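My questions will all concern the structure given below.
So that you can tell them apart, the chains are marked A, B, C and D in the order they are listed, and the count of residues begins at 1 in each.
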């Protein structure tokens, strides 16, 4: 069978292979799973439609699924995060059907999702999504392909929020595992991954000095607090905005300044949104900001900053450096937007480091295997990653890093299950 | 009705009152609840048997329950944590039945529990426990008092572990709310409270310089990670021991060194146990430790360090300062044990600061009110704190501190409940 | 020769000995010096008048000087920092002339300084000072004893500032080594010692939760930045006030908020002064503070907070806990002053941990030895600690802690002294 | 007069101008100086030979010197740090003689230095150096141009070490200001600049996750401790190697692990050298390293890692990604070298952020002005930046950032200069 693809530039293949192998060095858990899958073929015959950031880490996931016997069709979950050399290597070196071109326009992007969904006349057995665009397309425009779908997985918080809305509406047609719920996913990928890579994106785009800056972070979920720790670690003063009292209280007790955005807007040098919601930065905030304010987004969709309004407000638009748009507002103040408001860690840097994606994608691979064995006949619903998968991933990761831990003695196990022994 | 009590020294009353009012300044949420309880009397006629650390913060809780109309009988949940001046003030100024003497021997301690349980011929309507000693006594030795009990609350992780064992054994006879499960309890009390107060206890006992020391922390639960952050914040190098892979991995990714205790024992200058389990430090570890190693416990019970064995191993025993026991082992190495292995934050310092207990005890007070309304006829089981109580406590705390947060716009609420809008 | 002394309570001797030996465990460098001094007697016949905080660490310094052959007369450099049990042990166990009573009134305090200065009809050969009170007394009221003085040492920044003023006025009559200038003194004692012990004092006095608090620190010298790091490490938000642009800029770049005190006064929950100057907190600031603000001082003298004015402004004065004075201002706001504005780390806690004083006092002991050999005929002036002493102290400390470091290879030494080899 | 230049690509001019103006936004102090220089022309007629990293920040310095009336000839101080678009803009937009091509070979590099030194038949009036390559060349190969040289400035620690060796040898022929000695240079540029930009370089080259890694930092000078803080801030465990006891002790007390390199080599995931010395990582260390170890240098010269020996030891050499060289050693272990061992922050990222260079280069510009007024007739020597310049730079920077600080009251000034007032 020949490989189907729509990629930017075939000549980038070798560069892509080099980088995929470089990433693989930091993904020992996924490699161990791939080696097992090669022998056991647990995904034999499965058609998997995957809509993920087309990066070197995803390439190693795709190779793992393929090794397990699956037929994978891959499209991008964000037009700006695609690495064209990775796409080239996937299609031309590893024989994986790949539809991804960096910077693709909206229509082209959705056409790629359609390509990923279509296996000849059939739809996929399993969907693998990152933000629920593919699932949404399948449930609204391509319902003809829904019939044979067994199950799916979803990578992000944002996607899970959408899936829960679909479930509440009775719209969801098959069970989907929320990979983000796994401790080995959200504790690590959201926190350490987003924290570092968001700063990395900001630095690559701007080369500003973070020390001494006021960085405003909208949202104190796992991603937000990961970023807050890292920004403080770089010497910034961090201001948090929140809508949820318990989180706000935590941010306050963690030593950050908590303010409503209307106040924070006047102070911030850099603003980052990670809320999963819309228009977190909007007209009233743009009006209050200082000259030189830098805005970016590390939430899944590019709606967290109200860019259309910013464009309307601007009397002039410049591009001082690639990935930086300067909007000159009335009175001469300039506001700088990074990466067009798309995920700054993927658009301006390389996304999560391979080491965290190792665990997220190990959860993806093992969840797929589990679904093949268990999903038959399940109700449409959002499922958690089974606890034993979560713990296996952690145990395997520690082993790969050479970190040893304790085990309970018999006496200790007994003590934990008794209740008579007291003070 | 006259007040019943067994306290150390009536002359300490005034000192106790001063300190209770000082603590009250940091407990605005509980004060607000007390003011409402005084008007609404939601606990009218309830007999509450409370086994808690007899500290200034507990005094403010007892005053709140009393203001709500309850008859409270209070005993200590740990013989070393009792503040005798607080006990005196409770009995003599506030008219609360109090049975607590610092340093009480085992028999005296259990006699106090019995006193707290006995309201004339009857038992309590509600039990309020911290470590489940009172509940355990009631279910084993004082079963005659079990009949009329409506419900209970439990403050600690350790206690909840015991209650879950009781439930599994079918031994538990009434429903109990696990206050520790509230986000506004365990995020704050376990983390910030235990973190700071454990260091405080170590410093008051030893006056050592933490900067540059190797501090070994057994257990990376909420308490352990709170302490790890603070110890690092004081300039220590922190080593974590764990038995649970996901937690161990987090500790590693948080930049701590993760080791089995057998390795850590050779390196540590200071050891702190916060696991809820038994003999976390034991013979094999004592044998490996350096001369001068300092041991203490911040877990609920004094069983985490195997003290009997340490005593057996010692050729000599000294007390260089109050709260420090020196054990001279063969070869001349000395190991120093703080506060006899009891909760170092309560025994050598003053326990959690009032500001965190404000939230924990607000959950206690509101949970009691909820139980009076809802517990009738419930199955024996361990319940979570109702979410609305948790959120109310957080909201009230933010208000009291003058911290304002954002609210969702209508557009944002709508966006969060939709699933069609995507990339 | 009998020992002369004025102490509080002879019965405290044994408690004092226990604590002095406990401190000695953390002072291996000073112990090593004492062992050498016992053999070599480099201070034979020297009369040393020492005005230092009478703590367990100072006791070990006095023992070291005595072992070197000196006759030491010791008085307190602060009436509130004296540990009465240490004074008792010094006089009665170690035979050192000691004049120190905790809480001594002003006249009693100066009478002790006079006692320390007077060796029969003679004055001292060497003065050892902490804040320059003894030197000031000697140069103003006891000039008759000045004649035979060979040299002196001074421990603190504050004292050195006074000595430099004296030098500028031509008032200083003999050379004095500024021990504070040694890297192994100010980097460690000022930074790690003051940082930790100031927080320790605040916690012992108040038991407040630092996490989430706004802590205002006046002064970003070595002490101030040590405290700022630790306060942040405990979860506080830290605000710095400064008068020196380079330091203010550093504080800003270190991620702290820099404000004029007039602004900071409105925000702070806790205020700490460490400037070496007068009335850093004064009327205009008291008027701006929030209800409940806590004030303390960790600078040498109790003049940094304008307490007389605070007293005048207060309509009421209470003492809710020992070491806390409550001043009720008009409008009902309360301001709380800790330890009467004296050094909070010494008055409410135990001062610098022994481990840092080990290095400071090793510099003191070795500087005394150096002065005996070199001070004859030197001009009156403020001298630095000789570099070789500084480095020896560091090397010895590392050895005692078992920390090994690298040495240059021959090739590397050569490279460092060449200039031709380039890009 | 036409502009002389040797640059890579004239078509990059516009991109260069955009980036120079972007950097200028973060350099308000230098801009203020430029505006004054334009009016006052304090460098009128001066010939300045500058050997600096050819980056956007340097471009703004060159524009400032030019505005002051100087004729500037600029060459690169490191072949890998040159930004070709900046060079193009300098030569073609701003009319500054520029000799810099990224990746120039050794001969080409030294030819550029010669070009910068030669103003027709004459040499420069002032030299401005970064690492002392230009000064070294002038004193060894181009001594004919030495005669008219008035003075110079040197930017780096490494250069100053070389200049001190020259002075000790009697080789230096004119006075040079060590700009690195300015507090507003080394506190900020070395610490915050190198700290952030070194991590930035590592991340751009590798995209590894720093959280949980063991990062070995050779050298705990200002650069090393800046990096150590940042690496810890990103979640890494940091190991320090040092040869100087006081610094090693500080690293230990700051909570880092201090080890000899022979031990650290076995543990590290990433190694960074910042020592100013040669072969800090060498054969014995390569032999001990783990498979996958990543090596880089952030010290001035590429001699800190013994690359020739690493190449000899390797059985195979690959380039998995640009800027990463993989050396496969016997037994199959791979060691990865970043940016060929050249300054990783300049070679793999963009060097110090403009915000810190603003202060460093303000010192450069003001030192040049000072030298023109004061250097006539001075002895050859290494001079410090005059204190008033240092303070002016700090004051100006605070103003530009809108940070206000306190000033002493009259009473406070008086107190600081008095010595009688005491306890």
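Here is the rule we go by: a residue touches a chain if its C-beta (ideal position, glycine included) is under 8 Å from a C-beta of that chain, and two chains touch if they have at least 3 such contacts.
Here the structure is a predicted model, which is why all the values come from computation and not from measurement.
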Identified repeat of the B-D interface (over half of residue pairs identical), from A-D, A-C or B-C: A-C
Distance from the mean Cα position of chain C to that of chain A, given in whole angstrom: 53
Inter-centroid spacing, chain C versus chain B (mean Cα positions, whole Å): 37
Averaged-CA centre spacing for the pair chain B and chain A, given as whole angstrom: 38
Where chain D touches two or more other chains, by residue: 192, 211-212, 232, 235, 252-253, 401
Overall pattern in which the protein chains touch one another (line/ring/star/complete/other): complete
Touch list for chain A against partner chain D, complex: 18-19, 21-23, 25-26, 192-193, 195-196, 200, 203-204, 206-212, 229-230, 232-235, 292, 319-321, 324, 349-350, 352-356, 401
Chain A - residues contacting chain B, complex: 77-79, 106, 109, 131-133, 136, 140, 161-163, 165-166, 168-169, 171, 183-184, 187-188, 192, 241-246, 248-250, 252-253, 258-261, 263, 276-280, 301-303, 390-391, 394-395, 397-398, 401, 403-409, 411-412, 415-423
List of chain C residues in touch with chain A within their complex: 211-212, 232, 235-237, 252-257
